[in-house]
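Below you'll find a set of structures to go through.
In the two complexes that follow, chain A is the common piece, with chain B as its partner first and chain C second.
Let's look at the complex of A and B:
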């Protein structure tokens, strides 16, 4: 019996420690977004919020300055690129050659030559900025307060991805659910497998394709990309839903004189609606969180996750915390709401955000 | 003729099913093939070459990326599974507050991966809260620099990944545990087995399908890890995905393709394992779909 008690108390202790580890980071995120800089930007940060401030939230919510895209002008002189900023700092390197700065090699052919000036995107600019660590101010400050454009883009991409995914995946998963059992099983497995491919392997040729199509930075292009993981995901979820709808239901509707299509539209899809809604919310969430495709396919106008990445790599931790909270709130809310619909297969690549 | 009749009979079905097939073919299968063929292309000139692969295996950053990816996956899975089994076993017991713990445990699942990277950056930064906690507990005297590269950084990334996915792993194992009938346990206690023997001889073997599934699915995700190393350590801790991305950004498309292809081969191995060990078993057990 003593053995039992000991086990019980160890279990409780372990569980408490574990739960603490699960909650603590979220608390820190919340805390940083509300803390005064003195509590955080110090050698000895405090664990409690001693002087709560809404300053960081006001900064990102109210002062929505447009971002200085920071386009730098590169002078071309005798086949060499010279990189300079307003303060007169310069760096020179040759065309077609590799530029090695601080041990990192970069191929120069990525720059577009337009006449005598070269403009690079903000993305390239940041890479250069990271590499030329000796002159961090090389390209001037980039204004960080910009919430609404990325937020709008994220919302639009997520909603459009969801709608298109339903339109394409719902009919397909109905068909799969009515296939012979073995074939349906194989198709569902194939859908699961396509979601396991590495995103970088897919995004690389998609990005080069989109560059030539002019789809970089476009909402439409990103929707196309977000459909790649989400179509198989949604179809995979919906096959189960349609399988639970008895065949008799649609057959009886057809006996009453309706055509096949009316039976589907009037009977089958409405009955499947709750399942479709749950799947749609997961798709929305996947797209809202998505980072890899967005990173490959955006240079200047990014989504909210890209914005967070941009801000955190610039070391602005307070806006990063506040942006992160905005990105997280819908996800936490929906996760709790839909927790009983989580499936084990989602372990891989689905609702991992 | 047969095909024609089939097409005619099922024209509605075909019309409903083809869009997704075409989409996946054009936007997933073709790109994968493109990536692989890109990796054999000569960056200067035409023709096929193995040069990208010899170059990549001589690249210090790539070797670091490969090592880091394997390390994160292997150590990460061992740690995750061990912790998940312990927590799942505890949560399976009936005790006061179980519902509360189960709900709290789900919180990291509601945090986007990118945000979990940002948050753990706050915690594991040099003047972050982990160092502060260790200082206050008197365990260290100077702040450690956790994210400067090396094994420390890999462990921080493993922790970050674990934090994010443990809830799902635990749910999966918990479902497996709850499927084990109480009769088995009763029989074992009648035979006089102690807790440890019961765990080792009954629970673990019966939980094996769930564990196999968790290991393979987690491995596939761990090999593809991207956001966390990128946000938390940048170039200090390259992994296969971020290496491929950096090469893409430098317009070294062929090198990016080679790195992505190597990652693809690793993942295909695990997909095969998944089909053989998880799906086929399930199917033989008559539980397909």
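Let's look at the complex of A and C:
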């Protein structure tokens, strides 16, 4: 009895430790995305959030309002400012007036009053910039390109890859599972052999072929690319699942008048649903996080992992943490959605002795 | 199970609908699809200084120029809101600019050129990552466009753009590593900034004694960053890193061997990226790096991280010249437009804006920007260091040689092996590569 209790408490302790190890990195990401830089950028960062700020989230969710041509729209915060050019011409910009500033052409152009523009020196322009404010928007071109489009593309690619992979792999795996054991083993082995080569090694030749087919920046192309590494593993998982389902089960259905297809759809696939759910989660996560093929096959419209890579390599850890949280949220959602189908004991009592 | 089927059906339908709406995406960074020839020429005056009317060519068939850069967030903001709109307004050529990291560019272009489907018309690439582009024959020869390069472009940038007398790239942005230090910590411990090798060793030892661990770092990650630091040490000792077993090289590697035990253990993982993180979280107090992260130091409230040009060796100061050049992929269908954009980027007005807004040193000696505020001291450091900048040297065998330098660093500095014999072996290997290349 005492041994059982010891085993029980040890299990709890291990489970807690394991859960903590899993959740800890996500918590750190969450904390960094909501912490002030002073709190994180020190040799002794705190474990809890001391000074919460939404600034990092605002930085990635909001951008300056721009004109159709991409120029930032500034406003005069207060007062009136008169600028003059080398020829002595003057233009006055008043409080609340919207304008654009371009340092290349040294041009200040009012948006409210048509034709009111003046070219001044770079020095004057810089001084004037200090008096200007910008308005933010959630759906500016920059946010669309940096966040929403990559997010949408990642979702599309991951969902399509999962669906197509299951449509292809489930029937194929069923057939393999009903082959003589040695042949099934050989086929599964052959499938897995294709995964012996690292993606990083085969990505370039595959990408070259895909690009020649015009699949650059294409959702369809990326789905095809993601099927390459995922189909063999999915088939492997599903062959194991279908092998566990007794042939007698479908034969019973056929004895009761169902066709093979009916037996497959009504009996075998529902019973195999836990395995299919595991496979779906596996494929979805792989596709959601995939990076190498996306990097080769994307120029203008990348996926979210590519975007995070860009932020991490060129920016601060704060927007990177916020982006990473956005990458994590759908994973949690999908996992919770599919985990309910991961039930054991589906076959208990399915076939009478 | 019915629910599962419903979910799957909904998921499938949604995904197909989304895919149908998505397909080959047609997005761009500026959100400026409407921008085009209708706005060309609207800007009055000033434009003639940048591109004359004769220089403005007709836009390509689709009027779109696809370019790639490897920029940080604040740098993108200046390009998106000022540089690209100004160019588009003047020429009517729409520019779609995308982010491609310098480390990814070679493979990406290889795939596109092999597939005969080049989607990038022009790119900016790190000057120390050009060999792969050249050895794989991925870029157009731009020798016929020498005259678009302004006379005032600094010599070193022309040198890095040429390979065996062919102009394969156009200079656009010089850069140099500066030495960052934590001013508060140096004040706290009363330690002066190291100005020469002896100071550097003393500083590393003093900080180690004061804090119980090494606080000075070099990029000892055993990657290309490490090689650039080796070049700086060797050249500042009067050595020739391409020979690698001369007196200067021996002196420099001997010094590094002596310095290594007093450096931060994070030197083994310090590269262009992590060095900033180590400085920012106060793990190290002194380290050399590229200046691209200055804006983030400021934004993150780390103004105590200041910079200066660095220390001298026995024969003076040396910094590897970095920065970016412009290249045009072989097979680009918009070469004329790309040249026009390159010319625009090299123009005095754009260079002055880059100096003023981003504290980038100008590629031409006649571009004077106005660096203000927190950027000023960093810009001073960059200018000082740039005076001692030397190109790494475009040798055709570089891709194979790099590993020889890294191995020598590991053997001598990390493992503490004999300096002379290791360098002799490495030099012999480099000589062999040189002979093969010839």
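To be clear about the criterion, the second predicted complex is superposed on the first by the 196 of 353 C-alpha atoms of A that agree within 3 Å, B and C clash if a C-alpha of one lies under 4 Å from a C-alpha of the other, contacts with A are read in each partner's own complex, and residues count from 1 in each chain.
Convention: a residue touches a chain if its C-beta (ideal position, glycine included) is under 8 Å from a C-beta of that chain, and two chains touch if they have at least 3 such contacts.
All values reported here derive from a predicted model rather than from experimental measurement.
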item	value
Contacts of A:185 with chain B and chain C, given as first, second, both or neither	first
Contacts of A:155 with chain B and chain C, given as first, second, both or neither	second
Chain B versus chain C as contact partner of A:341, first or second or both or neither	second
Chain B versus chain C, judged by how many residues of chain A each one touches	B
Which of chain B and chain C A:295 touches, first, second, both or neither	both
Which of chain B and chain C A:37 touches, first, second, both or neither	second
Touching partner for A:237 - first (chain B), second (chain C), both, neither	neither
Chain B versus chain C as contact partner of A:332, first or second or both or neither	first
First, second, both or neither for A:168, with chain B first and chain C second	first
Touched partner set for A:267, first chain B, second chain C, both or neither	neither
Intersection of the chain A residues that touch chain B with those that touch chain C	42-43, 45, 104-107, 123, 204, 207-209, 295-296, 309, 313, 317
In the complex with chain A, residue positions of chain C that touch it	1, 4, 7-8, 11-12, 14-16, 18-19, 22-32, 34-35, 39, 43-47, 50, 66, 68, 70-73, 78, 80-90, 96, 98-101, 104, 107-108, 110-112, 114-117, 119-120, 273, 277, 280-283, 292, 296, 299-302, 349-350, 352-353, 356-357, 369-370, 372
Contacting residues of chain A [partner chain C, same complex]	36-38, 40-43, 45, 64, 66-72, 101-107, 117, 119, 122-123, 126, 140-142, 144-145, 149, 152-153, 155-156, 159-160, 162-163, 166, 204, 207-212, 214, 216-220, 223, 270, 273, 277, 295-296, 299-301, 309-311, 313-319, 337, 341
Complex interface listing, chain A residues touching chain B	7-8, 11-12, 14-15, 18-19, 21-26, 28-29, 32, 42-45, 47, 104-107, 109-110, 123-124, 127, 130, 168-169, 171-172, 174-176, 178, 181, 184-185, 188-189, 193-194, 196-209, 224-225, 227-228, 231-232, 235, 239-240, 243, 260-261, 288-289, 291-292, 295-296, 305, 308-309, 312-313, 317, 320-321, 324, 327-328, 331-336, 339, 342, 344-349, 351-353
Chain B to chain A touching residues, read off their complex	12-13, 16-17, 19-21, 23-24, 27-32, 34-35, 38, 83, 86-87, 90-91, 93, 95, 101, 103-116, 118-123, 127-129, 132, 135, 143, 163-169, 171-172, 175, 195, 210, 213-214, 217-218, 220-221, 223-224, 226-227, 230-231, 234-235, 240-241, 244-245, 248-253, 256-257, 259-261, 263-264, 267, 270-271, 274-275, 279, 283, 288-289
